[in-house]
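You will see chain A twice below: alongside chain B first, and alongside chain C after that.
Presenting the complex of A and B:
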């Protein structure tokens, strides 16, 4: 019996998001099919990786991770250059020093750091605050202005602070990360609010607040699958590319942090930790994630190798 | 399943003889359609009708069993394309391959150790896939015997040479191994072997069309305990084929109504693990891979647990007092939520601190600390309730309770309601060992 290939007839597609300015631009989204099902529709762009850079020296990172950034962890510019050297598609600058419990650094200080990083690297920039909504609004407002015209991706916007961040993106020509905790309806609502302020749909990335492998991955996985199906069947409020903050979740897990001495039954730490980050990212890519914010250059490399294979057409 | 009462009615004798206990054939058909009756109750139904109805009511993907006893692996009975539609039923069987040219006993011993504790459950690999790398039938049979002697995991006998498969089967058929594979070149001999020894069989095509044809031929020879292999070995093609097979099966294209097997054979050892992860997420009944390194297998087993968790039911633990070590009247008391993952993170870390303690997981309907707090299910009231009614006050002399750092905001209200002194612990339970050493005195 001959097999009639089963193809879904999708009516719509994911919007295309452009980050950065020529000649250093990254494009994501635009898919008219489920992830990597090339036989069903166009998949114009591969998922990309942003390596994370902090504006303060991180504490408690395992040596497996810090050893990749020896000597640069207290200098965001040098750190960003290192990421560029490793071949990151984008740099994700996390302004954690602005957190009141950290250095509580001012919006102006943050803007200066962002500017210095932007000038040092030829990579599009993602810039996010420390997660404290009110402070993030002030910080991102200053950063957006300092990076005016550079078409960055700024965040993370939540219901408490989306107005200021959206306005900043509108005035200074940036795109926005809209964060909502693992809920398809909350994601839609926030997108609607942002679009009501006239920021175009193709300037939004959805952040579903992912969990790491073993720590809630399945929730994010299913939210992404549902969002993609929504996008392909015409739900414009879910048709944005998805950004996944993978590194921050993975590198707090025991599986990534424990040494082989602490957990002998789990095998070599380097291999285990790299696989933890890689598999978290590849699983999200298989569910529809477009931008992976990662920490370790080796995980990035392994993620890329997998994606290169998945981007080879599988037409029948 | 899937058939309407009227469709069933057409196949019945239509004599209304009432022998089935229903007033009419139509009433019986309706009862069948809603699952309230079984076809056996009608003694007059024809053989042809029975077959037609059985086929139509069979699940879209057959249930296939490999092995015997407590390690028996069940595959199939899947009903959906996406886990959010309902849930995935039978977790992918993870098979580690062993060549009959290597030290079989040593590698199998390594495989036996791939057993991990996660959220209070034991998770392990499922199969040993024995490859006839030597091409020698006697050597293969000997390896099968050796493997069967040192492991309870069911075997996959990987040989396309019927003579080698037969010799190995003669040695270990009682353990119900899976035979891989029947191909266009050998399917008659392989099917006869599988029938003779009553074992499941992999049917391997070089593409989807050939696979469908071969399955029909094997079924025509009378064997139905089948596992499908589309022949794809590159990750992008495996994804496409696995998707097609699952979609077609759910549309009741019968040749594809069986579980599948995939092989993670990427030359790069890390990429092989990554590919295996993809196959676990995307419908593979079995994934075969060469590594027995726990650093490779733990992430895959964890991914499988995530993907196959029922989306409607978070795994929860009972809300009661848990004693870690042998705590006494001066031991610390920790509160957390009854989400399994949360509880076992905390339990593992309290254990690692080597300071015996009590853990009180508050019933949050199985959700995590922050989710529970945000959803109003992990509240000062509920914690107070647990402190008062669990009996913990009889077990300890002190009145100090440690709460997760993520919900420090609860402390004032909790202290006021419960009268217990509230100590805010670290955000991550992994910091409990150092925290408790510095901060605890009763």
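Presenting the complex of A and C:
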């Protein structure tokens, strides 16, 4: 019996975000259909992976994770090169040393680190601050200037600091990450505020603040789903690609951190931790996530194997 | 909500004079102004003072000027099939034919015409006997249009049923019937046809016209209205539609919702 494939008709599409400069550019977004439903509309770009690099040596990371970066965790340039070697699409530099409770590094120090990393690798750069709004504004302002013209993705902009970060992006030719805490209305409003400063819609990535598998993943998932349906039906204020900070959420869960001795019923930690990060990322790809910021190179590899399958055209 | 700007109509003095003098400026002005105020279509009506024999040429002229000015489709509004076809022949994009009734002879003219030009079409839920009194009779006539549209290969998304609203000072009892008809029309087919109405008719010769218009528009939206021919210069009306879009969960809320609604 012939099966009629029900096709949804969409009227609009997600904007296309370009990060980096030729020949090292990454393009995301541009979808004219829900994730991987190639038969309903064009899906021009696969979801990409940014591997995370810190500007200070992380504490409390499990050996499963640190072993992949042996000898480079205290050197952001070497760490970034390692990520490039692993084949990351982008490098995500987290300037956590700028946090007042960490080293409280100055904006100038952060800018110098960002510049050194940018010069050492041939990958587009995402640079984010420590999450302290006022400090991030100062840090990203300096970083944006130091990386002028490199078309990086800078963040994370929140209602408290979006003005400075947007201005930096405008002046120095970068794109912005607009962060909102699991709140679609706030996400939309923040995009509007940023666009009112004349930064184009195709220079914004939405960060909906995702949770890890088992830790509220479904909240972010449903927000991303609703925003995407809005985007495809003409809501231009939500039609931006979504960035998911997967690694930072996954690697603080007990499922990723507990050793097999601590939790024998959960089995081998390496397999479990990597699966946790992979599954969190693949779930968000299914909800429309375009950029996955991850930590473990093996999770990236497994995520990509899944994406390669999902990107096979399914035309009816 | 698909808003159709009502202003390019020979009923209005400035448009009537523009047509008489073949002065394109007022047409350009209203095309641009209604575009900026989020029109999805521009209604184009030659008005009653143009002779039937001149209507096709006037329609063609109006459509050309409107579409040269803004990138919007037109709602070709005439009781003269030749005028409608003249508009269709020069129209860019998907036009909206305004309108056929449920009379078979009219449907036999307009529905094949819509199919030929790939246009959408408004179907008035009335026939030569006039506007029905009840919701059920409106729905019955709507069903005849649905069946005929389908037979002509016109998809339901291109069919706009108008349940016909009457001025509330002469046909007050029609108000609730129109609302009920909207609900019933949405159940006639799956997917259902679209719905529309000439909103300003509800307040003809009434006091507080803007208040009546926007109140009935919001009530109708809740009953299943997809589109309306409206006065886009009415700011309170646009605000009310923006609010109704939020409350009906059609648009995603944000603090600037009245402003974002007006952005194209």
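To be clear about the criterion, the second predicted complex is superposed on the first by the 315 of 316 C-alpha atoms of A that agree within 3 Å, B and C clash if a C-alpha of one lies under 4 Å from a C-alpha of the other, contacts with A are read in each partner's own complex, and residues count from 1 in each chain.
We adopt the following convention: a residue touches a chain if its C-beta (ideal position, glycine included) is under 8 Å from a C-beta of that chain, and two chains touch if they have at least 3 such contacts.
This one's a predicted model, so the numbers in the text were calculated from it and none came from an experiment.
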Which of chain B and chain C A:226 touches, first, second, both or neither: both
Chain touching more of chain A, residue-wise (chain B, chain C): B
A:214 touches, of chain B and chain C: first, second, both or neither? first
Which superposed partner A:68 touches (first chain B, second chain C, both, neither): neither
Partner chain in contact with A:300 - chain B first, chain C second, else both or neither: neither
On chain A, positions contacted by chain B and by chain C: 226
For the chain C and chain A complex, residues of the former touching the latter: 157, 251-256, 259-260, 263
Residue ranges of chain A touching chain B (in the complex, touch as defined): 1-3, 5-6, 34, 36-39, 181, 213-218, 221-222, 225-226, 229, 252, 254-255, 257, 265-269, 271-272, 274-276, 278-279, 282-283, 286-287, 302, 305-306, 309-314, 316
Partner chain C, residues of chain A touching it in the complex: 9, 184-186, 188-189, 192, 226-227, 230, 235-238
For the chain B and chain A complex, residues of the former touching the latter: 82-84, 113, 116, 118, 208-209, 212-213, 216, 234-237, 239-240, 243-244, 247-248, 251, 253, 255-256, 268, 270-271, 273-275, 277-278, 281-282, 293-296, 298-300, 302-303, 305-307, 309, 311, 341, 345, 348, 368, 371, 374, 428, 430
